[in-house]
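Below, chain A partners chain B and then partners chain C, in two separate complexes.
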Partner chain A sequence: MLVEKMNINNHLQKDNRSQKQISIFIKRKRIFLITFLIVIVLYAAASIATNYDAIKGLASIPKAIVWITKNLIPNEKSWERLPKILSKLIESSLLSVAVTVCAAACAFPFSLLGTRTVKVNLWIARIVRITAAFFRNVPSVVWAILLLFSFGQNILTGFLALFFTTFGMLTRAFIESIDEVSSNCVEALNAAGATSLQTVFHGIIPSSMPQLVSWILYMIELNIRDSTLIGLLTATGIGAMFDLYYKRMDYGSASLVVIFIVILVIGIELISNKIRKVIM
Partner chain B sequence: MINEFAIANASISSQNCIRKTRKGKIKITSKSTKEYVIKLTILILLVLTVCAFLSFDYKNIDLAKAISETWSNVKVLLGEPKLSYSTLPNVFKALWITFSLGILSTISGAVIGILGALLCAKNIANHIIANIIKSFVAFIRAFPTILWVLIFTVAAGLGSVAAVVGLTFHSAGYLIKAYAESMEEIDGGAIEALKSSGAGFWQIAFQAVLPSSISRMVAWTFLRFEINFINALAVGAAAGAGGIGYDLWMAGNFYFDLSELGFITYITVFSVIILEIVATQVKINVR
Partner chain C sequence: MSIVEFRNVNKIYNKTTKALTDVSFSVEKGEFVSIIGPSGSGKSTILRCINRLVDATNGKILFNGYDVSYAGKREIRQVRKKIGMIFQHYNLVERLSVIENVLHGRLGHKSTISGMLGYYSEQEKEKAFSIIEKLGLIEQAYKRCDELSGGQKQRVSIARSIMQEPSLILCDEPIASLDPNASKIIMDQLNNINKTMNITCILNLHQVDVAMRYSQRIIGLTSGKIVYDGPPETLTKEKIYDIYQSNEGELITDVG
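And now, the complex of A and B:
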């Protein structure tokens, strides 16, 4: 009698377990279906709002490839423009390095005020985070348009426009990596009675430097790509060169600009990956 | 006392023992390649920065005047936001268009991204195909988004098609890399178990790889959506697809109306901040 009951109980438990497992699969299927439907509805709504036609979009890709192979090939005339293109390319890459270094130099002390590890003041930390969020989220295009008013089509316009966004992004990245990496050694230094300056110079800087350098390298990559867009708006650097040739329909020279931008970006990515591999 | 502690800390982190000079002094600086490379990198970057500032063509700009003018412009921009050329419904309509451009390019990018990532994740894919796809994707990512869009405006004409396809190229490249990395992070045991019971490529992909990496992939997708929204702002205007970027450009470069520019800027910043909060929440919740 007792054994029978236990058997039945066992069966019941097994049944329950298998039911539970099935319900997980059903649940997963349901979640998948609902997300799928939401994505399709969003896609349809967005297509209607922008008059986007997916078929036309797909059809444009082979068309674009054909057009690229026909037109975007450097010709003899464009090779004559090579020195000018290269000098603008160097200008743009130096600009993005300078922007990133200056922004990093400003963002590091600023981010120290916002970290949890240094604990300057809760309110100061909050203000730092909000300021960083503001600078990060105002698109660099807005800065460029605003600065064009008084700086005109000057290289400083591009510099400052990129500087503000880079500053915001680096501040956040620095805060996060300092919090992640340095908390142990800061705790140890605090326990030994170090002042906050000593903590910074003997604890935070040595332990978080690899992360910070890695972030700086990443921002340089990003800024080189962004400087093309800003260059279009502020008529400086490599972006303006591309715009000029493109609007003149001198596609040969425009393609040369594109090729060199791609080489530059890939080159910088390779170098920074090598550096990252050594320091991390 | 403190210094000694720091020294001990530094040398433990580098070599796990205290190194001494011939005279018995503890060496404070360590000479590992890692620190050498970091110092060299910083030095080169600083030298390049100095070169940059020396080589720039400033066109004799009056810096003090420009800065004070910009400051007063910022005060108008942030202090007196007002719409005079556009209306509130129009601005929100433009915002929705930019938002839609972001949605379209993120969804298309994500679909291509999943397929591409399955073909180039190291733990499940063929190594030769994976390397080919990875280098191709790195090549696509090297193009600035704006160049893709401008190329497609010639091939497909001005309009949303050029903007969406151009944005999709870069986001697909980014998402293939991000998805492949999240797939490579999963536990190898599940794949091995399925392989040993004779499962094929697609069975492994759908039963082991996707379920265990989906949460990270969702986080990446939302992050990319935020980036795509900001890109769509600039690109929408350049490709003639409209949107809030076009309004910004008109207010700034056509009407020269700082108050209108300020109003649109506020709306843009608020929507970007909301997107960032959503992306962060998704990132926290799916983990």
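And now, the complex of A and C:
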């Protein structure tokens, strides 16, 4: 009797368990279906609200391709402008390097105040983080527009606009990297009686250097891209070049500018990947 | 005079989590003491209260008769430079060489500027090399620490703490991430330091058998309270079950 009862109990338990498992799968399918339907409804509603016709949009693609092949392929005249484009490109990329290096030099000591690892003061750390967030979250284009009023259209405006966002980004990135990489060895150095400055030079800098350099390289890449956009506003560098050709309806030259920006960015990325591998 | 003395020490984290409750004990100079207890029982907190990596909430902690709890920044530094510390994860600057890591033990003895710039005297360098040689790492002296095995890394961190010329070494689970072979080398080295240099050692251990074999005295900790304090000979099985709050057959030491 007892054995039978236990057997039945076991069966019941097994049944329960398999039912639970099945219901989880059903639930997952249902959630997927509901999400899918919601996306469809949102798409339809948004299309109606903005008068967007999907079929018309798709139909215009071949026309666009035809226009691109007619106008956006660099012609002989634009290849003649290549030396000028290249010199402006070098100017813009050197500016980006200068901006990033300056911002990194300022961001490193500043970020030390914001780390948990150095633990200067809770309030100072908070102020540092808020300041960094402020500089980071205002896009560089907005900085450029704001600075245009006070500095006018020149290279300093572009420099400062890129500097502010880079400074904010790097401060934040440095804080995270330092806290992630250096906290263990800094604890040991503290336990041995080292002062904060000593822990910075013997613990934080040697242990987090690859991460910091990696962030700096990434910001250089980003700034070369951004400097194009900023240049449109400040009438300097490669951005101004693009603007000029575009407004003259010299689309071939404008597209040559774009092509060389892409080549430059990819080249820089390849180089910085190599550097990263070496220093890690 | 005892080298470390706890008098009714309490530690409460974040105003709610009680880590230590009314802990009192004292360690004599030259002793080799192990603290055992389940994870989260407050072992690490005890060690870190001694060199003020953690501040006790109340109570008195004396190091060489000096009350650590009221020490300012400068005094803490004076205390810390006489206390070596060894960590479970070695806490070395992995990208620097062995010799540089060992010399870090001298930072506490230097002025901020000369320490920052890494001006070590010839004597200090020679001493560092002789310590490295004693610990059998001379061939690795110029290697980066991330190329070493776990056991070798832990020996580097022992060398770093000896470099401080400490009177006390705190070991926070020194063998928890090591294989049995490396564990034995590390425990033998610590034992050797304790005997030949007369440096007091306080260890946190998870391995009860290791604690029993090496230490002169064992402190058992259960949820922040001392439940055993005495020589390993009188630490019976029942008392071990008591420390780990478990029943017979539930501990790994019961196997075999």
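Brief remarks follow.
By definition in this document, the second predicted complex is superposed on the first by the 245 of 280 C-alpha atoms of A that agree within 3 Å, B and C clash if a C-alpha of one lies under 4 Å from a C-alpha of the other, contacts with A are read in each partner's own complex, and residues count from 1 in each chain.
Criterion: contacts are C-beta pairs under 8 Å (C-beta built on N, C-alpha and C of every residue); 3 or more make two chains touch, one makes a residue touch a chain.
Predicted model only: the values in this text are computed from it and were never measured.
Residue contacts after overlaying the shared chain place A:Ser60 against chain B, while chain C stays out of touching range. In the superposition on chain A, contact of A:Pro139 is made with chain B only, not with chain C. In the superposition on chain A, A:Leu89 makes contact with neither chain B nor chain C.
After overlaying the two complexes on the shared chain, residue contacts for A:Val128 are found with neither chain B nor chain C. Once chain A of one complex is fitted onto chain A of the other, the partner contacts of A:Glu187 are limited to chain C, with no touch recorded for chain B. In the superposition on chain A, A:Val118 makes contact with neither chain B nor chain C. Once the two complexes are laid over each other on the shared chain, residue contacts for A:Ala173 go to neither chain B nor chain C. Legend: residue contacts after superposition of the two complexes on their common chain; A:Gln198 is shown touching both chain B and chain C.
In the superposition on chain A, contact of A:Pro206 is made with both chain B and chain C. Shared interface residues of chain A (contacting chain B in one complex, chain C in the other): 185, 188-189, 192-194, 198, 202-203, 206-207, 209-210.
Interface residues of chain A facing chain B in the complex, by the touch rule stated above, are 28, 39, 42-43, 45-47, 49-53, 56-57, 60-61, 63-64, 67-68, 72, 91, 94-95, 97-98, 100-102, 133-134, 137-139, 141-142, 145-152, 154-156, 159, 185, 188-189, 192-194, 198, 202-203, 206-207, 209-210, 213, 216-217, 225-226, 228-229, 232, 239, 242, 246, 258, 261-262, 265-266, 269, 275, 278-279.
Listed in rising order, the residues of chain C touching chain A in the complex are 51, 53, 77-81, 83-85, 87, 89, 91-96, 100, 104-105, 107-110, 112, 115-118, 157, 160-161, 164. On chain B, the positions that touch chain A within their shared complex are 1-3, 5-6, 9-10, 13, 33-34, 37-38, 41-42, 45-46, 48-49, 51-53, 55-59, 61, 63, 65-67, 69-70, 73-74, 77, 96-97, 99-101, 103-104, 107-108, 138-139, 141-147, 150-152, 154-156, 159-165, 168, 211, 230, 233-234, 238, 241-242, 245, 248-249, 252-253, 256, 258, 261, 265, 268-269, 272-273, 276.
Listing the residues of chain A that touch chain C in their complex gives 184-185, 187-195, 197-198, 200-203, 206-207, 209-210.
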